[in-house]
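Note that the chains take the letters A, B and C in the order they are written out, and that residue 1 is the start of every chain.
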Amino acid sequence: MTTTDEAIVIGASQPTGTDPGAPTEGRVASRRPTWKVFLGKPSTLIFLPLLLLFVLVSVIGPFFVGSPSATGNPPLLPPSGQFPLGTDDLGRDYLARVVYGGQISLLVGFTVALLCMTIGVVVGGLAGYYGGFMDTALVKVAEFFQVLPGLILALVAAALLGSNVLIIVVILAITMWPSCARIVRAEAMRISKLGYVESAKAAGFGGIRILWSDVIPNAMPPVLVATSMTVGRAILVESGLAYLGIGDTNRPSWGALLNSAQAYMQQAWWLALFPGMCIFLVVLAVNILGDGLNDALNPTIGRVK
Amino acid sequence: MLLEALSVTKSFRGRRGGAPVVAVSNASLRAEPGRFVAIVGESGSGKSTLARMLLDLVPVTDGTVELDGHDIAQLRGGERRAYRRRVQAVLQDPAGSLNPRKRVEQAIGEVVRLHRIASGRSAVRAKVIEALELVGMEPADRFLDRFPHELSGGQRQRVLIARAIALGPDIIVADEAVSALDASVKAGVLKVMADLTETIGVGYVFITHDLPVVRKVADYVYVMKSGEIVEEGPKHRLFADPQHPYTRTLLAAAPELAPAD
Amino acid sequence: MAAVANGRAAERESRAAGREPILRVEHLRVHLPTGDRTEVEAVSDVSITVHDGERVGIVGESGSGKSITGRAISGLLPTSPRVRVEGAIHFSGREMNGASADAWAEVRARRIGMIFQDPLTFLNPTMKVGAQVAESLEPQSRRGRAARVSEVARFLRLAGLDDAEQVAMRFPHELSGGMRQRVLIAIAIAKLPDLIIADEPTTALDATVQARVLRTLDETVSQLGNSLILISHDIAVVAGMTDRIYVMYNGRVVEEGLTAEVLARPRHRYTQALLRSVRSLSDEHLELYSIPWELRRELSKEAASHAP
């Protein structure tokens, strides 16, 4: 059926250039590429550099700041020229601690998000594309992991295996992947019904190849948005866990710093403020960027039909 | 080369204990290179299911589909791939049969590579260009890097045909390949398809609900209703002297313009 | 109900006497956004007139602007600031272009019946069909449940659904495509509109169903005397049902006139080419003909040279 979609294609009757060989219909108006739309958004222009700044600081910062564990300095000094973020109760340079803490928080956030995306894509893709028994089985698996009480799991794991960054990452990934998988599965199911998947089958391509080459790439937009949101969530959950005392004591994340800052709320406001602000800004930035990404990937918003 | 459906039946499990749904019942047909065979029917007639059984996209419940006497369900490995190359599909677009993220060169090139028609970037590209030219998209290199949304409906359909013929198939099964197109574009694509029977000797199984179009291009016609083939015959006979009441209804239904003075 | 119908009939007579057409569109232009910063003139300088009781067809390929014109006439274009509509749209003498959403809604509620292509998007999936027809009824005839039910059944029957009472109790997804389309017809005629605008009403339907629905539309419009604008890419469909026809290409009207005239003696090259193409699809003795790109390019150039 002819649709008004094509009505926008009025430009089709004006062929580009004057080459005689061009067939009757010319090039239709193409959308602006996603990344251009994304980078053009004001929210992106503000928050992407902010996020990149945080990442940069946590990567190269350690080369420029002092030791986060050296306790020789006077304790509980407010921010000053010598100690821009003050010192903590043991006299450690707080700037150094926040910078190193950022390493942990950001590492956990991005790693967990990437792990969730990977597991989610594999599980969701297989379930959505193949359907049937594989789908039922994988959905059950996802449901199992979803209902696991992450907090208790973390506590138990910490008690049994000690609490280092790796354990935290693994636990978070284990409890958070099902939501990504659900999105992938829904998209995979939808896409598998489309003409080009059927055409690929008819052409002789095998299932895994179709999944990899046709289904998953087209399923990515909502997955990317969800993954960017996962970064924020993972950081928050990790901060929460750290706040409860489950975290690597030798390499405290921002959440762990917040935890330690509790006891000194009255005297040393800076101990809570700086890590807290960092968490807030990073999570905010990641959420806003994820939202912007969503807008950029969904061109129908604002498009006239 | 002969592609045959022998008394094929397809039934689907009914919903939650309901009766099974019989989509196709006891249908037989023959298709050969160089011949244009049409299956005509309305929605629910089972024609698309029959097409998909010919393409082995849907397994038969009963009966067999045979290629040169071999049951396609039994084919394995190299033979199966050969079957897929010799029997190609052109399914209805609109905007659904091409991966929106793949450019034309990749969409056609990947099947060329899969069936090892050519290898190496330049050889594959040459094949792609050849196929595009055969469907009248010239100069072909203008279209190589376009995405589906940068093509019009008629152009997308031609790309689908190009992808099918790039492999030098014996038979193309086309399901509603032109139904969604405007009259002039439809005529253009049909012309391309009809010409290909002469230039490369390909045969068609053309599935459609549009009876008048069939009169133009088909050699042999099967009429389907409710899963059964109710009438079949050479085109002239069918149009001149339809036997089955349903065929007559279909013929009468199509709105037609009076011929020019 | 009878009083209203009489009132309408009287209005029509006075209109016919005063020669004020039901719809007068003059120099319509519609600009639509095509990207972040680009826009296109989807409809350029289109003028259409529909007289009382007349049936007018608008024929064109996809991209010709015919559907956009249909939506502009019924005030259904998206209200984004980047969508600009210029020109005059006189509905029964009342200037509608630029009118408020409320004004348009009022006109659409009582004066214009619309039958668009995809019933599924136009019918409320959670509401029974009968209730949706009832919404369309004249306020007076809505009094009393029994009266309502019988009116709904009457219009459903008029629209070709014999099993009216049964159908009224169903939800849209429980009906076949052809039946849904006829429900749309029922909803459109239930308001006793002056003008019915049908945009590709049967394109998504099978051939036999299409024939029946078109016949139904034909008979209904004859019986009730509404004016009709039938928009389609299928010339055969429009040919059978209209008195006058407008041929659109690339946003412009390239030819207009009595349907029989235009089909028998087309004057514009595009119409000639289009007719030739359509005929070549069904006439065995004609070779398949597709409008050549050279002609399309010339026509575009011609159109561009007319642009202000």
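Here is the rule we go by: a residue touches a chain if its C-beta (ideal position, glycine included) is under 8 Å from a C-beta of that chain, and two chains touch if they have at least 3 such contacts.
If you're wondering where the values come from, they're calculated on a predicted model, not measured in any experiment.
Visitor: From subunit A, how many touching-chain steps at minimum until you land on subunit B?
Guide: Steps on the shortest route: 1.
Visitor: Could you find the chain whose CA centre sits the greatest distance from that of subunit A?
Guide: Looking at centroid distances, C is the chain farthest away.
Visitor: How far is the middle of subunit A from the middle of subunit B, if each middle is the mean of its Cα atoms, in Å?
Guide: Computed value for the inter-centroid distance: 44 Å.
Visitor: So the centre of each chain is just the mean of its C-alpha atoms; given that, what is the distance between subunit B and subunit C in Å?
Guide: 34
Visitor: Between subunit A and subunit C, what distance separates the C-alpha centroids? Give it in angstrom.
Guide: From the centre of subunit A to the centre of subunit C is 49 Å.
Visitor: Residue numbers in subunit B touching 2 or more other chains?
Guide: 153, 182, 185, 188 - these are the residues of subunit B that touch more than one other chain.
Visitor: Which positions in subunit A are in touch with at least two other chains?
Guide: 1-3, 6, 9, 12, 22-25, 30-31
Visitor: Residues of subunit C that touch two or more other chains: which are they?
Guide: 61-62, 233, 290-291
Visitor: Over in the complex, which subunit A residues touch subunit B? Could you list them?
Guide: 1-3, 5-6, 9, 12, 19, 21-25, 27-28, 30-31, 194-196, 198-205, 213-214, 217-218
Visitor: Touching residues of subunit B toward subunit C in the complex: what are they?
Guide: 42-43, 153, 182-188, 190-191, 194, 209-213, 215-217, 249-250, 252-261
Visitor: Per the contact definition, I'd like the list of subunit B residues that touch subunit A in the complex.
Guide: Where subunit B meets subunit A, its residues are 55, 57, 80-81, 84-85, 88-89, 91-101, 110-111, 114-115, 136-139, 142, 146-147, 149-155, 160, 163, 180, 182, 185, 188.
Visitor: Please output the residues of subunit C touching subunit B within their complex, sorted ascending.
Guide: 61-62, 177, 206-211, 214, 233-237, 239-240, 263-264, 273-275, 277-284, 288-291
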